[in-house]
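Heads up, the next two complexes both have subunit A, just with different partners, subunit B and then subunit C.
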Partner chain A sequence: MTEAKSVTETKKTEDQGILKGLEQLTPEKIESVIQQVLSDETGARLKVYVETCVHCGMCSKGCHFFLSLNDPRYSPAGKVKQTLWEIMRKKGKVSPEFIKQAATIAYTQCNMCKRCAMYCPFGLDVAYVMSVMRRICHKLGVVPLYIQDTAHSHSVTMNQMWVKDDEWIDTLMWQEEEAQDAMENLRIPLDKEGADIFYSVIGPEPKFRAQLIFQAAVIMNAAGENWTMPSMPGWDNSDMCMFTGDYEMMERLKRRHFESALNLRAKRIVMGECGHAFRSVYDVGNRALGWRMPPIEVVHAIEYYNELFENNKIKIKKKFEQPVTLHDPCNISRGRGLHEMARNIVNATCENFIEMTPNREHNYCCSAGGGVINCGPPFKNARVESGKQKAKQLFAAKAKGAEVVIAPCHNCHGGLEDIIHHYGVEMELKFFGDIIYEILELPE
Partner chain B sequence: MHDYYSFFTGPFAWITFLVFIFGSGWRFYSIWQLAKKKDSAVFEYMNMKFALRSIAHWIIPFGSRSMQINPAMTVVTFMFHISLFITPLFVFGHVVLWKENFNISWFTLSNTVADLMTLIVIGSCLFFLWRRIKLADVRYLTTPMDFIILFIVAAPFVTGFWVYHQFPGFAVMTIIHIISGEIMLMAIPFTKLFHMFLFPFTRGYIGSEFGGVRMAKDW
Partner chain C sequence: MNNCDTWDWNAGTKLVADFSALKNKFSYIEELRASPDGERVGIIVKNDDMEFTVCTQTSEGEPEPWESGYDKVWNLRFGPDSRLSAFVSETGKWKVSTDDTPWENSYDFIWNMTFNSNGQIAVSVQKELSYCVVNNEIPWENAFSRLTGMILSPDGQKTAAVIESVTVLESEIFKFRQGCYSIAVNGDAWSHNFMNVWNPSFSKDSSHVAASVRASYGEYYIAVDGKTWDRSFSSVWEPCFSPNDNSVTAPVKKGGKWFLAKDGIILWETPYFQLWQHNYSPDGTKIAAIVSPSFGRWTIAIDNISWGINFSDCVSDIVFSPDGSRIACLFKDNGKWGVAVDGTRWDEPFDMVWPPVFSLDGLHLAAKVKKGDFYYIALNGKRLNAQYEDLESPLFSPDSSSMLIRGRKGDLFNREIISL
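== the complex of A and B ==
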């Protein structure tokens, strides 16, 4: 049994989004918003989760925050204690100071990775409880500044990164041109009707990681796919509104995305290597819109790449030589069971594969997901500290010889990059797309 | 003394059973009603196959990774829960009461086994108490009510042990034993002891989500 230290002092929140939001709060407003959310938007599920918890602490070891920081406040149930537990006990009569702390916990100390649900004997879903807390904070206007900015971007532009309509098309054409150096007749077909594949990405791809669009275009062309990308808003499958608690906006985003694909009569949506976007399209957003499962088939890059190799649609020159390890992102492993397919791809593309432990559904989170990294610089140090357990896990894989970490998720990349840098892990970080592109044999 | 005994094994026992049965029924009914009104998605995603798959992994000792990395807790929890249910149902002294009052009877535990199982329950409660006090994460979650519940659960077994071994004052202790058992039964619908009834539903639901939507294991 791990002997945790006692509770450490709470660090002061200096996030301007939270602080400014608090200035507008009165105890009456807090109470009425909480009452509204609890009575209109939650029900037996929340009640049973909070009432069934027997305070046994088995969830502690499910949480990388607790494992890294060894402080009882970071155990999943500990976070419920500091948020909904208290709110339900006091029927919403809590102070602005309480909301400040609760917002900090819900937005920055839980990655909503749902690992703890696998450690709780009752399967209580703390991520759901945290999402209720975030919903309350959103309605109170107490949201960390940086993630709220991305939510604003979503509502103005329908993408996460303030990418303007012409910039989007321009980026695609630029990447098409670049990729034509590699493959002469390569195209990124825009708005093609009836394509087999509607390819969507997250806002940060055109903004910071345009080479991923380039790589995807090369892979699609090499595989001879009938594919398309949309020229208009709806191209971004990401969703920070899902994480701020702005569900109305999340629904608009998901509807736009699905409709973009459906209007083009695409057969299915294939999306890039992103975890949270997949969660929003496959699990959360569709439900919010009333679809039990997505209205059009949604395929994550891992599933798609696996298909390419299974059907021999692409050829490789030779396998990737450096020893690799694989980080299973929560939203596509625990969220969609793609971990075995990911291993198929590793085996098809890499010479030497070293498992990190624990792995698959039990892998440790990157500490960046669930919108935590999007809360930005005010919380960066705390986030990296909560990645200590991840760093240990990476060091162990490195000791066995792994030099490259494959992480098929954007948030994981952001989080792991910081962890690798901060703890001096010195491992290289790659997407599957990077590896496939590197070893791909281009057709004549 | 005899009057007390008659009261607590007579009218009060009936009250206990009624409170336990109707209290539990009411609790289920209110949760069910609320779920029907507010959580229709829960019914939509509930899946018998995956629910049972999850429950099976979690009622088999060491069937989940969580249990594997907490071996002491796993061993104690299983022994505790098994003893907690088996002992009161099959201890000779109780079966005799069923025979006398309702003329029905069933298998009984040997006295040694019953004694051992009683000690297991008491020892387990001490272990849980130790965890609540000693482990910082558990201590942080612990409320006064958690101690009270632990006491409520331990009391019938401590007193039962006392009565069986006829320690001094066992006549009075018999009545305390009866009352403590009745308190425990009555407490079930109104405290966290109700977790025994909710387990299949919470476990079953997350199992359904993991199996049916997430296509992943939840153990």
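== the complex of A and C ==
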């Protein structure tokens, strides 16, 4: 296994979004924005978290950054100390140089995976504290360039990949045509009113992973579903604005997504295999808009696939033979508790399942989540180095015989691909959709 | 204009199409569409040459496939004038075809078919990676690198859309912040650019366009014909013109709460957790909006006075009666959909509801609803017995004495007129 190098010093940040953003700051602006955010947008929750922490360090073992790098600066408490504690102590009188470091920590050294909250004796949620730091940075205009660009894409196109209106529809038609080779007369029904399922995906699917739409279409058709996809913006359930701290845009995105489904009078939304999007649609974005729960039932792909097998709606030719292990994505496992359903699917589809350890809600993050991978190449090396603990976990599963990692989340795929490559893990990576499509028995 | 006063409003049932015959005739069929008057249905099918085409049928004839076949047909829709249109593609080129008469010009892609009340069609098009709008077959003179959110004016003379007015490449985040987006009306861009532009809206007289804009991350405005309100807000939703005086109202966010503002001044002083989809009564004297008076509760406010009831899941689709005296909406409460009118909910919950429809005199309210596997018509709070496999929303006769039901029972698609 390749030894991880030390993480890039934050003061060496070369990200142009952060550096150029700093040029527009003055101490007065920094203080004003911080005071506004702290007084108008935070309250007891932040105060309790910051004042309750006794600096015991128990959270350290919850964080894969700390475990990978063995440096207290990367412990959750250490990250809070370098950001919000200092800001609150100085009542917002901090320098642009401080903001540079704080932005780097908040955006690129915390995946907001919430694992540390389980190891804190008080259950303090450091991810929330980091989100406040990100909110301040967003309002200051100091955001890593790549994720800022993604947030801009969201604001213009309502998807995260600058996919134009016509490109989206064209891609669906292309995938429909491709899938008709597998099933004659297969359809991806556009804008069908009153469907049981409104299927939504994330921007990278039409852009880079169109085969996932193809596979979903085959599975939906094989299951005989009454389903639809929207032709107009609102199809992307993802949300990098939630992670940059641009909550006004997050609200706009989620409203468009929900209204797309509501206007088509769909019974429920089934989402593809994405973790952060689920967090946005099921928890953060809907509540920011005033909906206690989503206004229309939201079902993650894991719940949907589990239903298909429980209700015998699809048949398989034979089980997937290569030994598999399962990576539990933070947002749908720790965040939603779908880990047992994921195991039901593994057991229904795979011959040989090898658990990685730790697992379920204790699983290590892929180091890509929380928008960290979306901060792009300037932070890639540091991100992959923080995945050393994950690499160890994968090697251990491999030593038990696992050859394939199932990761039902897009960002996890991105992060795990980099970790597998960097550390020479040599394991295959698949979505549940890949496995199900491969073994699916197509109806006559 | 749907000219419903010329329709056959005599009570009775007319068989329009036998779905099983269509299924037997074609190897591939999609969903039936019904004309507004219910006299005709259309459906996308594959013909004997395995080309996509459209088949129509009336009560008096056999199924009639269009003569033209295509590589692909989608977005089959009847306009308000009962003409049937679709997007059709041949060798990668797209055009609109209406009643089997294709437009002369074709494009590399075409989408967002939009009708005005006369049935005139505007579409967004892409040709050689440039984007514009084609209204009634006439394209804008100017094209843009990006275009979305196209709308057609009430008089059909104008179209507007959000356009990329300054080409900005991915990763040019600081150029983006300078403002690269605007509104184009009939192809002419506003003189001002913004960081973002959303939700263009025409005035009732078609002379003005308003939109939501973002000048910086924290400064949201309403812009009217390119000029912003004097005051910014932390967020705004879609603007709406008063039909009476062309003043503009919009939901605005201030201090974490939502208000309704008029021409930049707070009009409704009540702070709401949410406020959106506001709408004017036909005479312009009332404004209704969906509001959330407390977190997780939803209702309707009329001129800033909320109904006495509220709902847990959501409220949608505000509908005024034609004389503006009554207001209905859809709601979802504890997982079930329903209809509420004038602050009172219909008793029966449904699995799904479509926007309710008032009779012209405002005395009747009907909606398409779904319960279990079947669709029904609910009229004035009571679900009618007849159940359908497919159903369009009901329509009332001009004298409000009859209701048109267009639905499929089993394989038979019928046009029914019932007396009220």
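To be clear about the criterion, the second predicted complex is superposed on the first by the 433 of 444 C-alpha atoms of A that agree within 3 Å, B and C clash if a C-alpha of one lies under 4 Å from a C-alpha of the other, contacts with A are read in each partner's own complex, and residues count from 1 in each chain.
The rule is simple: a residue touches a chain if its C-beta (ideal position, glycine included) is under 8 Å from a C-beta of that chain, and two chains touch if they have at least 3 such contacts.
Keep in mind the model is a prediction, meaning the values are calculated, not measured.
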item: Partner chain in contact with A:Leu253 - subunit B first, subunit C second, else both or neither; value: neither
item: Which of subunit B and subunit C A:Ser155 touches, first, second, both or neither; value: second
item: Partner chain(s) touched by A:Lys81 [first = subunit B, second = subunit C, both, neither]; value: first
item: Partner chain(s) touched by A:Ser231 [first = subunit B, second = subunit C, both, neither]; value: second
item: Partner chain in contact with A:Asn185 - subunit B first, subunit C second, else both or neither; value: second
item: Which of subunit B and subunit C A:Trp291 touches, first, second, both or neither; value: second
item: Partner chain in contact with A:Ser333 - subunit B first, subunit C second, else both or neither; value: first
item: First (subunit B), second (subunit C), both or neither touched by A:Phe66; value: first
item: First, second, both or neither for A:Asp165, with subunit B first and subunit C second; value: second
item: Intersection of subunit A interface sets (partners subunit B, subunit C); value: 292-293
item: Residues on subunit A engaged by subunit B in the complex (per definition of touch); value: 1-7, 42-45, 47-49, 51-58, 60-62, 66, 72-73, 75, 77-78, 81, 117-125, 283, 287, 292-293, 333-337, 339, 358, 360-362
item: Residues of subunit B defined as touching subunit A within the complex; value: 31-32, 34-35, 37-39, 41-42, 44-45, 54, 58, 64-66, 69-70, 72-73, 77, 131, 135-143, 146, 192, 194-195, 198-199, 201-203, 205-207, 209-210, 213-219
item: Complex interface listing, subunit C residues touching subunit A; value: 27-28, 30-31, 72, 74-75, 108-112, 124, 126, 131, 146-148, 164, 170-174, 176-177, 181, 195-196, 198, 214, 217-218, 220, 234-235, 253, 255-256, 273-274, 276, 292, 295-296, 298, 312-314, 316, 332, 351-354, 370, 375
item: Of subunit A, residues touching subunit C in the complex; value: 17, 20, 40-41, 138-139, 141, 145-146, 148-149, 152-153, 155-157, 162, 164-166, 169-170, 173, 185, 187, 189-192, 194, 231-233, 246, 248, 251-252, 255, 262, 265, 267, 289-293, 295-296
